[in-house]
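As written, the chain order gives the labels A, B, C, D and E, with residue 1 at the start of each chain.
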Amino acid sequence: MPINPEAWKVGLDHYLYLSSLLFIFGMLGVLMRRNVIVILMCIELMLNAVNISFIAFSRYAESTNGQVMVFFVMTIAAAEAAVGLALAVTVFKKFKEVNIRFFEHLKG
Amino acid sequence: MSALLAFLIFVGILAGFGAFLIILSSSLGPRPKPNPAKNMPYESGVAGTETAESRVSVKFYLTAILFIIFDIEIIFMYPWALSFMDFVKSGQGMYILGAMGIFIFLFVVGLIWEVKSKALDWNR
Amino acid sequence: MMSNQILFAILLLAPFVGFMFNGIRWKSHNATLAGVVATFAVFVSFVCSLLLVSQLFGANAVPSVGTRFFEWMNVGGLQVQAGFVIDHISAIMVLVVTGVGTLIHMFSIGYMSHDERPSKYFAYLNFFLFNMLLLILGENLLLMFVGWEGVGLCSYLLIGFWFTDSEKAAAGMKAFITNRIGDAGFLLGIFTLFFLFGTVNFSEIIARLPAGGIEMGWTGPMTVACLFLFVGATGKSAQIPLYVWLPDAMAGPTPVSALIHAATMVTAGVYMIVRLNPLFLMAPNALHVVAVVGAATAFFAATIGLTQWDIKKILAYSTVSQLGYMFLACGVGAFGAGLFHVMTHAFFKALMFLGSGSVIHAMHEEQDVRKMGGLRKYLPITHATFFIGWLAIIGIPPFAGFFSKDEILWQTASSPLGHKALWVVGVLTAGITSFYMTRLMCLTFWGKSRVPKETHPHEAPPVMWIPLAVLAVLSTVGGWIGIPKVMLGGEDNWLERWFHHVIAPVPEALGHAVHSHALEWAAMGVSLSFAVIMACLAYTFYVSNPSLPGRLAQKFHGTYRLIYNKYFVDEFYFARIINPLIDASKGLWAYVDVNFIDRTTYVLGDVVRGVGSTAKSFQTGNLQQYAMYIAVGLAVTMFLILR
Amino acid sequence: MGKDVFEIVVNCVKMLLIFLVMVQLVPILVWLERRVSAFMQNRFGPNRVGPLGLIQLLADAVKFLFKEPFFPEKGMAVMYYGAPIMALIPGALALAAIPLGAPFHLEQFTWLGREWGPYDFIMQGYDFGVGIVIVLGVSSLGAYSLLMAGWGSSNKYSLLGALRASAQMVSYELALGLSLVGILMVFNTFSFYDIIAQQTGMPLTFNFFGKVHSIAWLPNWGIFFNPLGALIFFCASFAETNRLPFDLPEAEGELVAGFHTEYGGFALLMFYIGEYGHMMVASALMATFYFGGYTIPYVANESVANWVSSGGLATHPNWAAFLTSLIFFLVFLLKVFLFLLIYIWVRWTLPRFRYDQLMDLGWKTMLPWALFNTVLTAVWLAFSHRPV
Amino acid sequence: MLSSADFLFYFLGLVSLVFGLGVVLFRNPIYSALCLVITMISVAGIFGTLDAWFIAGVQLIVYAGAVTVLFVMVLMLFDLKHEMKTFSKGVIGNGVKLAASGVLLGMLGTYIWATYATEPTFKPLPAAATSSIKATKDLATSLFTTYIFSFEVIGILLLVIAVGAVTLSRITGGTHHAD
């Protein structure tokens, strides 16, 4: 198979491909997994994917703004994990259940 | 970039060495007949009474959550520490001090709250 | 200038620090500490604002003092700075808000001394002040909106401060929800303005107004934007049709009513219109709407005020009515007069609310005026200050209310945007105001005592009457900055010189103002004498001849009931809209429905039920399904964008 | 990695050497620990195998290798076997990121019949430029080994020990990270080389309200700028490495042996290697931040180089450069050893804390003090830099 | 011939993708969490290949050293692997989910290919900017000037989270009291 050797040179697009793939993996996890904790992990995965593209763009544009954004995203992600896990554990302690479908019954 | 390569190679060396030691020690040692008493979980010689699902104090996970939050606050202080003197030398010392002062104030408020709410007390 | 930036920072952050301080120790019962800290914080703000405003005076006066802290947003074409500005408009507001705010905070120390959660109360109050300052000082509409929402939140929290009483909690919710309707309009107005001018900064909007491009129609973009903004103003400033929340808002502590629901927050709508006065002058039709709604509200609310028995409700309707005056002023292009009335009203209405708070405090939480009377001898200081407030609101010279009200009425008659009918409504309202205010005075302080035996009214402590005294002085002298031209011999008064740069005159294209000294004296005389006559009438009714009102109410039974029940607005919604609909549908059912439509409707019903159950299956509570909708939506959106 | 074979090979060998130094130091440290503790307790300690009992550890290692391999009945193989390997990694990675000696420069030379270009070598595995951040990041991975061991052996005591250990580790990581902020502020950089360069030279020089003062008889070390930070850092590193008086996770009275209850043989030894690795990292950081790194107090760096090249130790400049760097490496090692001795000394001196006392100490004492140290340093720096 | 930078990218990218897939596919959440750790570390490496060393270090400290430790700890504390299905049921639902993800991926890929594939590589950084300390100082400067407001808001957010998480974990009963 003739492959353009230049195509293997890593550029911005390669990072973006990687980022979108990782993002889709995380999204699939969020959509398909049943365990709330795993869903939270997959959200972290998605955020990481976004961070990759932030850093790639920041390197590409040669500005540090993207890095600052990643800093903030990390903070938010950690905060989200803390609260998400606190919620999940609260529900688990009461009902012994971490299935996302169970959370339907929490209404009203 | 070469530093990253070196880093990865070092990880490889470490993992390889560790695995080698594990395999070596498990292949060199004697293998007596399986002994059910020995294979039981070691609980000081007394047979286990509780299942593995016994309750564990929620404190551990609370500590971990608080660790995350405060860890991030500390991480924010690193770039601050790095650029602090630059700000001071360009005459913006009060500004950078105030900027982090508010942040540290919030940090302290959080810490005081945690202490007062006894979230960090283990002797209960 | 660096020092200005620091001053602005202190000005804004002092109440916030107070809020943090009291918010953190919100469970504390120490009313004195909480109150002193909160009062001091606001006082610091007041001093800072004085220092800043002083730069607008003097030989080397600047047109405005402003600072920018940081860039808040930079998204595409939207660039928003976290910048604050004090010019001739916001100077008056900021002084009123921090000054009156300080007094009311001080009053609250006494008023809330026996409450269970004074720290929480002062935290809310300080947070309100912080948001109000954002609203006033923000250099762009978005910052103003942040403050706008913030004061709404604080208003909700404070109305429902005694939330264990479900009625009071409901009043808070009512205020919140009614305000949301207005806020939606305000937001739409901001969007329209951004769409039109590409900026949300006040000065830039005003700079980019098309020269001479007055829109005469109803559907021009500027008219639409102004009308949207006015919807926001009706919500916040309790105008028809969104006024219903303000009387209920009296469920909150009385100093809150004084600060938020009389002196500051409710005037935000007026302030916003004054801020954007060149824009509104481009849209005369929108101004007509403002004027008519303002006049209608003024009259309508005043008549309701005639029949109320709750001391705070009377003041509340009076506030609505006076706010109507301010909008009337704005609507006829007299923005300066509107802001002038905002200021004087803040003085005397805060005074009256605090006075009523003192009365309620003395009467052990009794608010019904029928159980008062003759309180003059128990509460001499409160009575004296309330008396000055009364003189101010009914417009007796030389008290503050006279000058601002007279200015508004004269402008209504003379301005090219005004109309004689509006003037007549204004004068009538002034008379009614005079009547019900005198009635309030008579029922509360004068006449025979109807106080129940078990209550022993007592005069308020100094921490409560000192603010009253200060406000009484302000209510007396506050109007002297705007003495009418005719009294000064044709010279511009201080107020006009002050507003010279920032308030645009009514454009020539809309007509010319009437200039006649004789007419002005005459108008003044008419309104003044009408007010005095009404006051005397009220005195006759409620002190000299107390049985008269009852007989009158008997005689004009229908009218009295109509007004007493607040024009049956709530009932109207039921009786005229909902019930006829039900009746009509019953008739239709008897003839048409059974014969013709039934079969169709069954089919339709099945279709609807099918759609409904399908739609229901979308709302399962299954989070992953929701996430799936997000994913599908994302895919579709991306497809539409990248197509 | 390098521009030719020589450089790549040297770099690889260097990393291997760093790792071997770490692994080889462990037996020496264990020997030292046993001898020192014996000395403190008026015993002899191991003294039969080899001179002073030095070969004892080799014998121990061989013995460990030939122990019976044990796998708990319900254990999870991946985690059970992965945990000891994981224990090795963070410590070694962090150690390799710290400069152990001065970098040296090799001139062009001829060897094996070809020219080898000029090289610059660092006495360190890799240098990312942000030094301390990477070290902290890598060593924060240490918790996984404990958790994996605790979970993998499916023993209640193991799990409890692992949870305790990791909770303790993370708690003290806060104080550890925060205590460094002050000294970073003083040095105004993350890079170890810059930090060491600022501590080189003799008179302790500092800025006092716009005037530069100096104390002639003190070296220019970080400890004099931030003593409180140094103290907190050192205390927190005890907990970070699960050493006495903070070795609660393996409190024998309560938890059998903590997270490595179910381990034996060489796997257990690997946990110890990891622990000693962490100790070394902490000591190396201590030396780098507060005690001048590889520099020698009272002796300028140049005079060492002069001494080596003129004293006849090495005539060729390349050998001289290498030897100079080696001397600095030995100095650094000496400083590290001193701190390691303090670790051992403390272990046999102080009693163990109770777990709640431990957590209280971390959260309610060390963290506020570290914060105080940070604020104090910041205010001091901000004010002392402008003349009064 | 791959340069070392390219090799690093491909290697780390492959690792992160494989273990990212592992997070999604492992039945046992503990293994998912361990896979997540490895993904985080390799993402830190990817940040390194983009010369964002400080961010790489923060990624290690915050994500790998704190957030995922919390995940693992919670999983171990509460043994949250009760017998339950790993994946959601329903052919239609799963079909739609897969299809949406696939379409999204396809569109993203096409867009990136059409927009950025013409840019072969990154411009080499100027020599002064390659210093990690300099880059980190730039980051710090913009963090404390341009983004100072966001920074303070983050402080408030973290305070709220600290209070909220503890309060949440204190809840023992539900909102439905015995009535």
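Assume contacts are C-beta pairs under 8 Å (C-beta built on N, C-alpha and C of every residue); 3 or more make two chains touch, one makes a residue touch a chain.
Please read these numbers as outputs of a predicted model, since none were measured by experiment.
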- Determine the set of chains touching chain A that also touch chain E. B, C
- Query: Suppose you hop from chain A to any chain it touches, then on again the same way; how many hops at least until you reach chain D?
  - Reply: 2
- Would you kindly say which chain has the C-alpha centre located farthest from the C-alpha centre of chain C? D
- Pair exhibiting more inter-chain C-beta contacts, D-E or A-C: D-E
- How far is the middle of chain C from the middle of chain E, if each middle is the mean of its Cα atoms, in Å? 48
- Separation of mean Cα positions, chain B and chain A [Å, integer]: 21
- Find the geometric centre of each of chain B and chain D from their Cα atoms only, then give the gap between the two centres in Å, rounded to an integer. 17
- Note on the structure: The positions of chain E in contact with two or more other chains are 4-5, 48, 54, 58-59, 61-62, 65-67, 69-70, 73-74, 77-78, 88, 97, 101, 104, 108, 133, 136, 139, 143, 146, 148, 154, 158, 161, 165, 169
- Multi-partner residues of chain B (at least 2 other chains): 2, 4-5, 7, 52, 56, 58, 60-61, 64-72, 75-76, 78, 80, 82, 86, 96, 107, 109, 113-114
- Where chain D touches two or more other chains at once, by residue number: 1, 128, 133, 159, 163, 166-167, 170, 173, 177, 189-190
- Query: What part of chain B is in contact with chain D in the complex they form?
  - Reply: 2-7, 9-11, 13-15, 17-19, 21-22, 24-32, 36, 38-44, 48, 50, 52, 54, 56, 59-60, 63-64, 66-67, 70-71, 74-75, 77-78, 80-82, 84-86, 88-89, 93-94, 96-97, 100, 104, 107-108, 111, 114-115, 120-123
- Message: Using the touch definition from the top, list the residues of chain B that touch chain E in their complex.
- Response: 1-2, 4-5, 7-8, 52-53, 56, 58, 60-62, 64-73, 75-76, 78-80, 82-83, 86-87, 96, 99, 102-103, 106-107, 109-110, 113-114, 117, 119
- Any idea which chain C residues touch chain E in the complex? 69-72, 82, 624-625, 628, 631-632, 634-635, 638-639, 642
- chain E residues touching chain C in their complex are 88, 93, 96-97, 100-101, 103-104, 107-108, 110-111, 145-146, 148-149
- Sort out for me which residues of chain A touch chain B in the complex. 71, 74-75, 78-79, 81-82, 85-86, 89, 93
